[in-house]
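Note that subunit A is present in both complexes that follow, paired respectively with subunit B and with subunit C.
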Partner chain A sequence: MKVSVDEDKCCGAGSCVLAAPDVFDQRDEDGIVVLLDAEPGEHLHTAVREAADVCPAAAIMLADRT
Partner chain B sequence: MTSTLDPADRNTAEVPEYPMPRAEGCPFDPAPELRTLQEETPLTRVRLWDGSTPWLVTRYADQRAVLGDRRVSADMTHPDYPRSAPGNGTLSFIGMDDPEHARLRRMVGSAFTVKNVAAMRPAVQKIVDDALDEMLAGPNPVDLVEAFALPVPSLVICDLLDVPYSDHDFFQQNSKTIISRNSTPEERTAGTTALGQYLGGLVVAKLDKPGDDLISRLGERIKSGELTVQAATEMAVLLLIAGHETTANMIALSTVALLRNPDQLALLRDTDDPAIATSAVDELLRYLNITHGGRRRFAMEDIEVAGQLVRAGEGLVMPNEIANRDPEAFPDPDRLDITRPARHHVAFGFGVHQCLGQPLARLELEIVYRTLYRRLPGLRLATDFEDLPFKHDGFVYGVHQLPVAW
Partner chain C sequence: MSTPSDVLVVGASAAGLATAEALRRKGFTGGLTLLGDELHAPYDRPPLSKQVLAGAWEPERALLRGQEVLDALDAGFVLGDPAASLDVATRSVRTASGKVLRADAVVVATGVRPRVLPDQAGLSGVHVLRSLGDALALRADLLTATRLVVVGDGVLGAEVASTACGLGLDVTLAGPQQAPLAAQFGPLVSDLLGQVHAERGVRLRLGAAVLGLAGRDGRVTGVRLDTGEVLPADVVVVALGAIPNTDWLVDSGLKVDNGVVCDAGCRAADGVYAVGDVARWHHEGLGTLLRLENRTNATEQAAVVADNILGVRRSYVPVPYFWTDQFDVKLQIHGVLPADAEVSVVDGDVAARRFVALYERDGEAVGVLGWNMPKQARQLRQRVLGQLRDFTGAHVTAVEVEKADF
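Then we have the complex of A and B:
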C-alpha cells in the first residue's frame, strides 16, 4: 500500500490521526496533515483505509502496490 | 434566487415542509417522515420557512458526496443559500468557501490538533472532577444541565480563549438566543452584537497584553496584517458558541439516552477498557446528533446527487440525524450499541467544514463518560422521562433541564 496526502485539500479535522496515529500526524502551526509513513506495514492497512474513508476532505490517497 | 419548483414537480404530491417533527415519545429518533424519504425518495424537494424549495438529501452516501463536493457552496450570505431562519446568520469561516475559509480556519487549527488537545487532558479531567465535587456537595436532586453539563464545556472553552468564566451567565444567555429557532432576527442580531462587543474588547485588550491563549494568538495575526480586529472577533464568537452549547447538549442528552439503555450504561460504567469509552463517544454522537436542522449548501454548477440532476443555484439540505441512521452505513441503526464501530458517522458534518473542534469535543465527552457514571453509580432521572423538556426549538438538540438524583 502506498499512501499520499494532499495538504491543500486537508482541513485539519484530525480524523486520520485518531484512526491511524502511526501513519498520520498534524503540523503544529495549523493542524494540516503530516504523513509519517508512506508505505505502512500490513498490520496498519485497515486503520489507514479507515483514515482515508473518514477524511472529510478526501485528502488521503491510497494505491495498492503492483 | 433560491430553488423554486420545477414545472415537472407541480403535479406531484404536496412538497413536505422542513424541518419535520419527531414522533411523540421518540425523542432520540429522527422524524419518521425522514425515514420514509430515505427509503423511497432519497432526493426530494422540501419547503422551508421562507417558501423556498431546496432538495433534501437523506442517505448517508449521498450526504457525504454533497458535503465533500467542491462544487457546492456554504456561503450563507448568498441568496441561493437555503437559510434555516430569517436574518443573516453567518458566523466567520463556517459560512465561507475556500480559499478564504481555509485561510481563516488554519489560523485556529493548531489549538485543535489531536496532539495539542491530548495535552489538555489533565486540565479537562480536573474541570470535570471539580464540577462533580461541587455538585455532590450541593442539593440532590439537581438539574444536571445547570450543575454539570453546561459548566464543564464552558470552563474548557474559557480556558482555551482565556475568557473569564465569571461572565458565563452573559455569554451563555446570548449563545442561547443566537441558536434558538424561536428568536427573532433582531434578537439573534442583538445576541451576536453583544457577544461581539464583549469578545472584541478582549481581542483588543490582548493586543497590548498577550497571554498563552487562542485569542492572543489571533492578536499576533492582527499585528502581522493577516486578520482584522473584526474578523478575529467573529472567530472568537464562533469558537465560544461552538465550544460550549454543542458539548453541553451532548453530555445531557447522552445521559438521558444511557439512563434509558441501562445495559449500555452499565457496560460503560463498569468497564476497565478505555476503548469502550472512546467508541461510546462516536456511537452516542451517531445516535443522538445534537446538531439538528440540516447542513445547508447550494450548487454552484450542475451536479448529480442520488442519480438526479441538481442545477446550479439550487439549495441542498442534509440532516445528519437521518444519515446516521442509514442501515446501509450502520446495521440495525436504531439500536444504541456503544461497542459498534461508528467513527464514520457524520455528526460533525463532512467535507472541509467538518467540525474543527472535534478532537476537543471527543476528549471532553470521553472524560465525562468515564467519570460521571462512576462517581454517581446510582444516577437516575428525578422526573418522568415523558416530562423531560426536549429542545425542539433550537438548532442544537438536547434537553432544557435534566433533573437527576443519585
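Then we have the complex of A and C:
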C-alpha cells in the first residue's frame, strides 16, 4: 500500500490522525496533514483505509488498495 | 437479520458514497448500487463555496474519488435519475425515469435542499448554493457583477461573502444576528469574525430581518429589509439553511419529520436505513432525535449504518464537528458551543488571531473552537470531549447541538 496526501485539499480536521495516528499527523502551525509513513505495514492497512474514507476533504489517496 | 445479498443506496453524494465504501471496507461482497439525481460522479460540497466559487479549482477537483477508485468499489452507479418513490415492504425504489430498483437493504441518503425566499422564483440573479451546478452558475454571474448581497449570516453565507470579496465584488452580508455566526459561536468569536469581514471590505448589514427581494424586468435589483431599507444588488445569494429531501418518501410509510426518523442504529424500517443530512436518528446520549448537516457526520454515520446493515448492532453517538474557512481564518469546531457557555482562551492569543477557545457549562467542557489552530483544537477534543458521548451529563440539548451544526 502506498499512501499520498494532497496538502492543498486538506482542511485540517485531523480525522486521519484519529483513525491512524501512526501514519498521519498535523503540522503545528496550520493543522495541514503530515504523512509519517508513506508505505505503512500491513497491520495498519485497515486503519489507513478508514482514514482515507473518512477524510472530509478527500485528501488521502491510496495506491494498491488491496 | 442475516447479511443482505444486495444494498441500494439512494443518493450518490458524500453520505451515500461513504456508506458504499464502509460496506466494502467491512467485507461486504454483495451487490451494491448507488442511485443519484445528478449526472456527476460523487463530489464534495465544502469546496463549492470556497475553491470552486473562487475559480481556484477546476470543478473536477471537487470530485470525491478518481475513476479508478470508484471502479474498485465494484458498485453500479445509476446517475441523473432522481428517486421518485419507495416501497418499504418490497424495498424497491422507483425512479423518475420509471426504473424500479430492488434490494435487501435500502439506504436513504438524499440529503437536503436550500431553503428559498418566497419571492425568489422567476427572478434572475438570485442564487442558492448547494450543487456543483449552483456554484458554477453563481460564479458565472459574479464575474460580470459589481454588487453582491448575501442573505443569511450563517456558515454558508459568511463563506460566500468571503469568497466573493476575494473576487473583487462589493459585498453586503445581511442577516438577523448581531454578528456573523453569533448563534453558533457566541460573542467573543463572532464579533472577531465580523471584524475580519469588515476589515476586508464586507459591508455587514446585520440585526435586520430580510423581508424579500426587489426586482425589475425579471432581474433582481436588491434585498428588502424590515427597516424599509433596500440593499442594492446585481446578484443575491440566499443562504438560509436547508430542508431534508423527503418528498419522494411521502407515501412510503416511513416516518418523516424534519428528516427520516430512525432508531439509534439509523434504521428507519426493516432493511431501510438513513444516513447523512437527511437522517434524524435517536441520539442515545441526548435521549432525543437529532439531525446534523455537517460534513464529517456523513462519513461517521455511514460507518455505523454499514455495521448495522451487516448485522453488527451499533448506536450512532457522534461528537459533532465542523470547520469553516473565511479569508485567512480557519475555524475548527468540536462539540457544542451553547449560548450561555463560559468561554476561555486556553491556547494562543486572541490579539494574534491564533487561539483555541474552550466552551464550558457547569464546569464541564462541552466544546472547543480553534481559530487558525486546527491541530491544537483537535488535541483538546481528544482530552475533554469524551464526556460529550453522554450529553445528558453536560446538560446539552438537541436544539443546541443542531444550532452548533453547520
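Convention: the second predicted complex is superposed on the first by the 64 of 66 C-alpha atoms of A that agree within 3 Å, B and C clash if a C-alpha of one lies under 4 Å from a C-alpha of the other, contacts with A are read in each partner's own complex, and residues count from 1 in each chain.
Note that in this section contacts are C-beta pairs under 8 Å (C-beta built on N, C-alpha and C of every residue); 3 or more make two chains touch, one makes a residue touch a chain.
This structure is a prediction, so every number in the text was calculated from the model and none was measured.
Novice: With the two complexes superposed on chain A, say which partner A:A19 touches: subunit B (first), subunit C (second), both, or neither.
Specialist: first
Novice: Per the contact definition in the header, classify A:A38: touching subunit B only (first), subunit C only (second), both, or neither.
Specialist: Neither partner.
Novice: If we overlay the two complexes on their shared chain A, which of subunit B and subunit C does A:R49 touch? Say first, second, both or neither.
Specialist: After superposing on A, A:R49 lies in contact with subunit C but is clear of subunit B.
Novice: Both subunit B and subunit C contact which residues of subunit A?
Specialist: Shared contact residues on subunit A: 9, 11-15, 17-18, 26-28, 30-31, 50, 53-54, 56-58.
Novice: Enumerate the contact residues on subunit A facing subunit B in the complex.
Specialist: Where subunit A meets subunit B, its residues are 9, 11-15, 17-19, 21, 25-32, 50, 53-54, 56-58.
Novice: Can you list the residues on subunit A that touch subunit C in the complex?
Specialist: 9, 11-15, 17-18, 26-28, 30-31, 46, 49-50, 53-54, 56-58, 61, 65
Novice: Using the touch definition up top, name the residues of subunit B that touch subunit A in the complex.
Specialist: Within the complex, subunit B touches subunit A at residues 67-68, 102, 105-107, 109-110, 112-117, 343-344, 348-356, 358-359, 362.
Novice: Within the complex, which stretch of subunit C touches subunit A?
Specialist: 18, 21-22, 25, 44, 46-47, 61, 63-66, 69, 72, 295-296, 299-300, 303, 321, 323, 325, 330, 332, 370, 372-378, 382
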